[in-house]
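Heads up, the next two complexes both have subunit A, just with different partners, subunit B and then subunit C.
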Partner chain A sequence: MDAFRRLPGVGKRSAERLVLHLLSAPEGEAHQLSEAIATARARITTCSQCRNLTETNPCGICTDSRRDASIICVVEQPAGAMAIEKGGMYRGLYHVLHGVLNPLEGVGPTELRLERLYTRLDGGTVEEVVVATNATAEGEATALYLSRQLGQRNVRVTRIAHGVPMGSGLEFSDEATLSHAMEGRTPLG
Partner chain B sequence: MPQEKTEALVLRGVDYSETSRIITFLSPERGRLTCIAKGARRKNSPLAAILDTFNHVELIYYWKEGRGVHTLAEASLLHPFPGIKRDLERCSFGAVPLELASRTAHDNEPSRAFYRTLLHGLGRLEQWKGSARLHCAWQLARLLAAAGFAPELDHCVQCGGEIGHNPGFDLDGGAVCGQCTIERRCGWSQLDALKALFSATDQCPEVEHVDALFRMVRAYMIRQTETDYRSLRVLHDMFGS
Partner chain C sequence: MWLTQLTCRRFRCLDEIDFTPGPGLNIIHGDNAQGKTSLLEAFLYVCTARSHRTLHERELVSHGDDGFSITAVAQRSDREVTLEAHYWQRAKRFKINGVAQTRISDILGRINTVFFSPEDVGLIKGSATQRRRFLDMEISQINPRYLVALQQYRQILKQRNSLLKQHRPDPTMLDVWDAQLVPSGETVMRERDAFVRALSVRATEAYARIAADEELALAYAPDLEDPASFAATLEQARETDIRRKQTTRGPHRDDISIVIAGKPARIFGSQGQQKSAALALKLAEIELIHDQAGEYPILMLDEVLAELDAHRAQHLFESLADKVQCLVTTTERELTEKIGGRPYRRYQMTRGRLEAQ
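Then we have the complex of A and B:
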């Protein structure tokens, strides 16, 4: 039970339920689960190019010739790349920072290992970098820092838009999001 | 559990569990106040944007005596300081006063002057057109003074006499006269600029020796509060010393 409780979102009761389920299920099911966890740990690594999680190195996205190699989207975490992939609209490459600049937590450019991103840009094929860090003070700081650093490398640096979620009413949006959305308004037609 | 309402500044936040965040605030009545914001990381939760670092907010929380982390009931945004967040220097240097506040303010202890000083300083930083490094030095000087760490700058901290010529600055207390022993001398113009920083209550004064002043205030803060500041290491990484 202690092993399960170490997992995020699993409390005492959930751990108890999971353990009881595994004990009452056929023996093979428990073995299958433990093997799957061990295999995932052994196989999944970070891509040497984009630092996304992958089973093959370089990852499937970096090696896919159908993708647009002239655009790199910079995200904070692998979950960000997964979310954009789910959207299905983006066909470029990614770069995962595994964090954001956060002076209060002691995370600076060194910890983000930005040299890997710079090396990719030095190849000359990248024309645009889309900074898709979160809309937080730390995400904004990271975007500003990247914009300054990448500006010297002759690439177009863009920031994803922030605003009201699709299908949501204005009355359900918070003040900060609304003011951001209002400032980032675009002309119609 | 009684509910309390206060205004506060968001000093920092860390993720907790799948959906929550633990936020550290500076409030006038309760000093450093730590609350769990349940569900703040859920999709569509308005709390995520409201509880962003630097934000000036109004909180309603459940207070329980003897507890280190209280439960946030509601939060609304008073001012998000967009002028700080959209400028790399301002938001990076602005993090140092937040870290000073988070490390020196005490839990459950009224910190009205300290709170007002930080809030006023952030408001000024938002409008500031000059060097963010200088503004940071001013904010740190004002916060140190509000926390009771103001240096003695009118008389020698070693002999109590007049400062005279060839003054120095002792990180243990303040100005040192030409006759007393000190490792490094700072000169009158730097000492005058330091005095201006510590005495300017309304806004950051336009003074010279920005880099030297920042280094002096930074070293004085580290010595007086006996703390290493992570934000200073990151600043060094980003902008050099």
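Then we have the complex of A and C:
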């Protein structure tokens, strides 16, 4: 039960339910699950180029010749890359940091292995880096740090826009989001 | 606004309380350590998500229990507001009118309260930390934007300080955290300045009514004269910061200057002057909330009557007249002189049980 509770989003009750379910379900089901987890762990590694999670190395996105290799989108976690992929509008490559700058937790440029990103830029094919870290203090600090570091190289560094969610009313947005959206306003027409 | 109903379950020594005060003066009588202060603390907690006595919720739970719940119903001029606080196995939940809330900043200001206890004289004679805590609590109540900026400022400050503790911190990293710190710090300074300006007018008036022959002057005493200079100041102080391994300049070093009859009250004020100044500050706060919220807050007086002489007590109740609901705890039995013969409801607290009398 404790093993389940270590998973994100699983509390005492959920852990209890999961354990009871697995114990009372046909034996095959539990074995299937444990095999699936073991196979996933064995097969999935981080891509040596973009550090995203992948079954093949380099990953499917890095090796896809139809994708635009002149643009790299930097995200905090694999989940961020997955979210952008779902949108389907982005055709460039990714770079996953697996974290953000966070001195309190001892995370600095070395821990984020930023040199791996710099090496990718040395090839000279990359023209733009889009920083898509989260809109938290740590995410913003990381974005600013990257823009400083990448400024010396011959690439354009951009930050994704923050603002009101599509299809949502202004009244549902909090004040911080609205003031950010107001600052980042763009001319119409 | 006034509190019509307060229920507590398993909060400290209060196992089961159903308190239905009247709109005017409510006096809760009882010996020491019977649960009078805990009752006020429960009301303060459900309104502000904070206790004045502790930062740890687990201390608020009855001995041997897993949690507590508090419900407060207040009548505002145009509507009724119900706030609930539930604490269960280290998780806290708040509801407004039955709807669960995720952000503490949304709870503040729904029911406005002013809490006055003998420790408040620390606002005058205590450390700058106490005065900053006062500023932070009071501004957050009437201005949710302030709380957001303050929480951001504290988080970024922690990050910056932790960076400064490193051996030879990376200058670019410091630049980056400075850039995050500046906007939230500026907001905190500007809001504090505006609040103290408004408070100062009201406090001077209130003090003049208590002590006619002396003047009380209150002013924001920021670490930085001009909020707009924050970025430049951080840059100038950087070497010192690196040497001392902490952020030496910024609103986390602010204070309020309190001067009575031309002299700093913290050092030169007599005990009587300091008590009067603390009272004036609280009265000013009541008026300020009225100015901003359009309604008077609910005043809690915790064991204050024993500290105030008849003159100051009478003045307090005169200036509040019938405008403000008061929840008063006291161990004194004879109150006629202090409350000046005003009508009141009386309750008796004995070992965590409350009885109307």
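One rule holds for everything that comes next: the second predicted complex is superposed on the first by the 189 of 189 C-alpha atoms of A that agree within 3 Å, B and C clash if a C-alpha of one lies under 4 Å from a C-alpha of the other, contacts with A are read in each partner's own complex, and residues count from 1 in each chain.
To be clear about the criterion, a contact is a pair of C-beta atoms (placed from the backbone, for glycine too) under 8 Å apart; a residue touches a chain by one contact, two chains touch by 3 or more.
A quick note: this is a predicted structure, and the numbers were derived from the prediction, not measured.
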Subunit B versus subunit C as contact partner of A:P8, first or second or both or neither: first
Partner chain in contact with A:L101 - subunit B first, subunit C second, else both or neither: both
Which of subunit B and subunit C A:G123 touches, first, second, both or neither: neither
First (subunit B), second (subunit C), both or neither touched by A:E138: both
Partner chain(s) touched by A:T177 [first = subunit B, second = subunit C, both, neither]: first
Winner by number of subunit A residues touched, once subunit B and subunit C are compared: B
First (subunit B), second (subunit C), both or neither touched by A:P109: both
First (subunit B), second (subunit C), both or neither touched by A:G169: neither
Partner chain(s) touched by A:Q149 [first = subunit B, second = subunit C, both, neither]: second
Overlapping contact positions on subunit A, where the subunit C interface meets the subunit B interface: 101-104, 108-109, 137-138, 140-141, 144-145, 148, 175-176
Subunit A - residues contacting subunit B, complex: 8-9, 101-110, 135-138, 140-141, 144-145, 148, 165, 168, 172-177, 179, 183
List of subunit C residues in touch with subunit A within their complex: 144-145, 148, 152, 155-156, 158-160, 162-163, 166, 170, 172-173, 175-177, 179-180
Subunit A-touching residues of subunit B, taken from the complex the two chains share: 11-12, 17-18, 44, 46-50, 52-55, 76-77, 80, 82, 85-88, 91-92, 95-96, 98-99, 102, 230-231, 233-235, 237-238
Residues of subunit A that touch subunit C when the two form their complex: 101-104, 108-109, 137-138, 140-142, 144-145, 148-149, 175-176
